[in-house]
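Chain lettering (A, B and C) follows the sequence in which the chains are written, and residue indices restart at 1 in each chain.
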Amino acid sequence: MTMQRLWANPLGIPGGSHEPSGTQGDNRYSTAPRFPTIGRETAAHASAGPIFSVSGLHVHYGGAHVLKGVTLDIPRTGIQAIIGPSGCGKSTFLRALNRMNDRIAGHRIAGHVLLNGQDVYGRGVDVVALRRRIGMVFQKPIPFPMSIYESVAYAPRLHRLVRSRADQDAAVEKSLRQTGLWNEVKERLGVPASHLSGGQQQRLAIARALALDPEAILLDEPTSAIDPRGTAWIEDTLQHLGGEYTIVLVTHSIQQAARVSQRTAFFLDGEVVEEGPTDRIFHRPVDPRTEEYVTGGFG
Amino acid sequence: MVSEVARLAAARRNQEWVWSLLAAVGAASGPFVLGVIMIVLLVFAWPSIVWNGDTFFTTYIWNLGNLYGGAPVIRSGYAAASGASYGMLSFLVGTLLSSALALVLAAPVGIGVAFCLSEFAGRGVSRVLSFFIELLAGVPSVIFGLWGFVVLVPWIQRTAGPALASLLGFIPIFRGPVPTGMGLLASGVVLGAMILPIIAAVSRDALRAVPAELREQGRALGLTEWEVARDLVWRIAAPGVTASCILALGRALGETMAVLMVSGNALNYLPSTIYSPISTIAATIVALLDSAMTDATGMAIHALAELAVVLFAVTVGVNLIAPAVVRRVGRQRGWVASWVTGGNP
Amino acid sequence: MNWRYLQGHLAIAGAWGCVGVALLPLVHMFAIVVTNGERALSWTVFTTVTSGIAGGLANAIAGTFMLVGLGAAIVVPLGVMGGIYASEVREGRTVGAARLAADVLAGVPSIVIGYFGFVTMVTWLGWGFSLLAGSMALAVIMLPYVFRATDLAVQQVSDDLREASLALGATRIATVRGVVLRAATPGIVTGWLLALGIAVGETAPLIYTAGWSNYMPALKLTHAPIGYLTYVVWTFINEPFASANALAYAAGLLLMLLVLTLNVTARWAIARRA
């Protein structure tokens, strides 16, 4: 079994129109070799099951019990969508994966979040190093006060993933190609990132996360603030990336989840109501609440 | 019945008109007062401007002349005592040096405080500390002068001055001996303590104006708090922080009482070391107004008016021009915290 | 990796160090004023007047209150009305001029205003050192702060409130008086407190408009100099007599207490708005 075959269809989902298009030779994306993968243990874990294993997760903050005993496994490749109405805890869940909730007032947690078998909330875990391994993209693309080049090269340089100028150049080009931005910005890499459009800035944010060669990429409603054309670009990018990376996508748009993901989890009131292959969730949901939500009953 | 309604409506309209007028008068009072002040200052300064000419700015001897005898010297229709010569250079130098020293001392500390209040301290602690910083801003300048006179000056004279002189004495401005503790160093330190809260508070606001999401994005990339503050937040807040320093400079330039009590009130010479007594424009106006009244020609009063005009121009200029310049620089760099431009970046 | 974390810790420690350095003068000032001042503070201080180099602070205290009180009485109506005008009318030449004038006036050194007061009111108008001259000087100093605070406070009242009131048939004036002002009161009062704090601490302009008097202030507006606390701090600390120095500290303590009270009240007023 080669790596390629395993990642092309890891969960054996039959049919489906959402296969990653990377191997089709679309000339928007290059197949340039990846740069040295420091800290990436996927080779060893290729056949070792889900990348994230969450069990019995309870999260409290601000006096509210936001997540109530969530148990969910996130597959190693492909796109895992998380859907649910506002306030159901999907963002909190996502942020719990890379400990972004830590600083919220009154934050308390019970249960386990395992990244490749390691408890993310364990004693002595280096949060800074952890976040390097997990990329996150937020709803509102906020450009860094730097040039486009710098925005992408900044974090890898800080984490000592790249040293020489040549390495930096290669990393920047690689990340920008992966998000389809390279051709649009290669002539003006020195321009402030704020000059890009909203959709481009969001793709830049994805490139920023990719530059750190993460094990997983978490996206929290990445297209909510983007126009439809930008949204299409981003969804294309995600589908391409889904072949190589773990992608967890929180979205308020059930259509987006249906378009893009391989697996979907439906959250309601801090609990996972139902989880499974996207096809099944949307066409043959088990729980009546799921059916009500995906047919547009509420949310 | 109809006339009743009409009468009420008319009364109401009159009432509206009266209130609107009162409000407009209130709004006009500001420009009116300012205009009157400017006109009066210029009118009173005019004889000195004419009589002294350029030498007012280029010489440093301030001499009222012979007030008891000798014929008055008349130039361009204005009279001054014989032997009189008015040069403000020493006051100008004293003002600029003491304010510059104050800024050099206060800016790093104030910015450090701002970072603490905005980035590193928790919300409760930050609020308490902000209260104390703002309390410091409200302390009357005579109290700063009192503290400077009673605590700082003897300390400089006995401890800090000699220590500096022995450590850095090879640099001319630090060369001893230390005459008294009153002088440029004391003035700079006291002024620095006074303007520090301005820098801290305004810079803190500039830092806080940076959207919280930016910090989150930085943290998500595995940056430490310090890296987020240094590389992301700082760059966006920098124009605001610069504005705070320039506002603080404006305040330092016009400060009177505290400097009066610790500067040594030098007259007719320029400072040579950091321990030299100095005089500032503002302190001089206070110190010399009494003696100016003994000048029968009145030129001394007019000369003080010219000092007031210069002080007015410099402080107002700094306070107004600086934020505009900072706005322009920030916009060129491509990122400005919206609170500076007041709207779209 | 280690250097990154170390640098972060050092930087944060440095920032906290700056906080210590910044608060040191405040703490120290309070300390010397309290320790030296409370020694001189007894009931007699409030009832005796300064006589040369000893005595009490009764005249100075009364003088400070009268000067600041009269100044506030003059400036509050003007400043508040002006602020309301600027925030309700919003645009226009008068509004722009008023705001610009406030900004400029706030930056004018108080001694310049003192000089102005001296040549116009004390000398030219012939009032001499007097309560009225001193109050007017303080009023000019306070004006921009009252104006700006009112302007901002009224601006922040949401338009929904205004529209609701107008929809009920109230006139513009009634809306402003009844609804808008009520909502803006905490902000406006904060502006007063800020201005009062500044006025209480002023010295330079008062030296040449109010002069100094060792006696309790007579209720005369003109031709009678009047004493005030800040003068005591300035002159008496220089005297070689311990009794005078003690009075200076006592005056300093009273001033600090006044400023502290005003600040705390302002904070409370702001907190009430939330």
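Criterion: a contact is a pair of C-beta atoms (placed from the backbone, for glycine too) under 8 Å apart; a residue touches a chain by one contact, two chains touch by 3 or more.
In this text, all values refer to a predicted model and were calculated from it rather than measured experimentally.
Asks: Based on mean C-alpha positions, which chain is nearest the centroid of every protein C-alpha shown?
Replies: B
Asks: Taking each chain's centre as the mean of its Cα atoms, which chain lies farthest from subunit C?
Replies: Of all the other chains, the one whose centre lies farthest from subunit C is A.
Asks: Just give me the whole-number Å value for how far the CA centre of subunit A lies from that of subunit B.
Replies: 52
Asks: Could you please state the distance in Å, as a whole number, between where the Cα atoms of subunit B are centred and where those of subunit C are centred?
Replies: About 17 Å separates the centre of subunit B from that of subunit C.
Asks: Report the inter-centroid distance (CA atoms only) between subunit A and subunit C in whole Å.
Replies: 56
Asks: Find every residue in subunit A that makes contact with two or more other chains and list them.
Replies: 128-129, 158 - these are the residues of subunit A that touch more than one other chain.
Asks: Enumerate the residues of subunit B that touch no fewer than two other chains.
Replies: Answer for subunit B, listing residues that touch two or more other chains: 224, 227.
Asks: Among the residues of subunit C, pick out those that touch two or more other chains and give their numbers.
Replies: Residue numbers touching two or more other chains: 4-5.
Asks: Flag every residue of subunit B that touches subunit C in the complex, lowest number first.
Replies: Per the touch definition, subunit B meets subunit C at residues 12, 15-16, 19-20, 22-31, 33-34, 37, 40-41, 44, 108-113, 115-117, 119-120, 129, 131-136, 138-147, 149-151, 193, 196-197, 200, 224-227, 229-230, 250-251, 253-257, 260-261, 282, 285-286, 289, 301, 304-305, 308, 311-312, 315-316, 318-320.
Asks: What residues on subunit A touch subunit B, complex-wise?
Replies: Contacts found on subunit A: 98, 100, 105, 128-132, 135-136, 138, 140, 142, 144-146, 154-155, 158-159, 192, 194-195, 205, 208-209, 212.
Asks: Give the list of subunit C residues in touch with subunit B in this complex.
Replies: Spelled out, the residues of subunit C in touch with subunit B are 4-5, 7-9, 11-12, 14-19, 21-23, 25-26, 28-29, 32-33, 77-86, 88, 94-95, 97-98, 100-116, 118-120, 140, 143-144, 147, 171-173, 197-198, 200-204, 207-208, 230, 233-234, 237-238, 248-249, 252, 255-256, 259-260, 262-263, 267.
Asks: Within the complex, which stretch of subunit B touches subunit A?
Replies: 123, 211, 213-214, 216-224, 227, 231-232, 235-236, 333-335, 345
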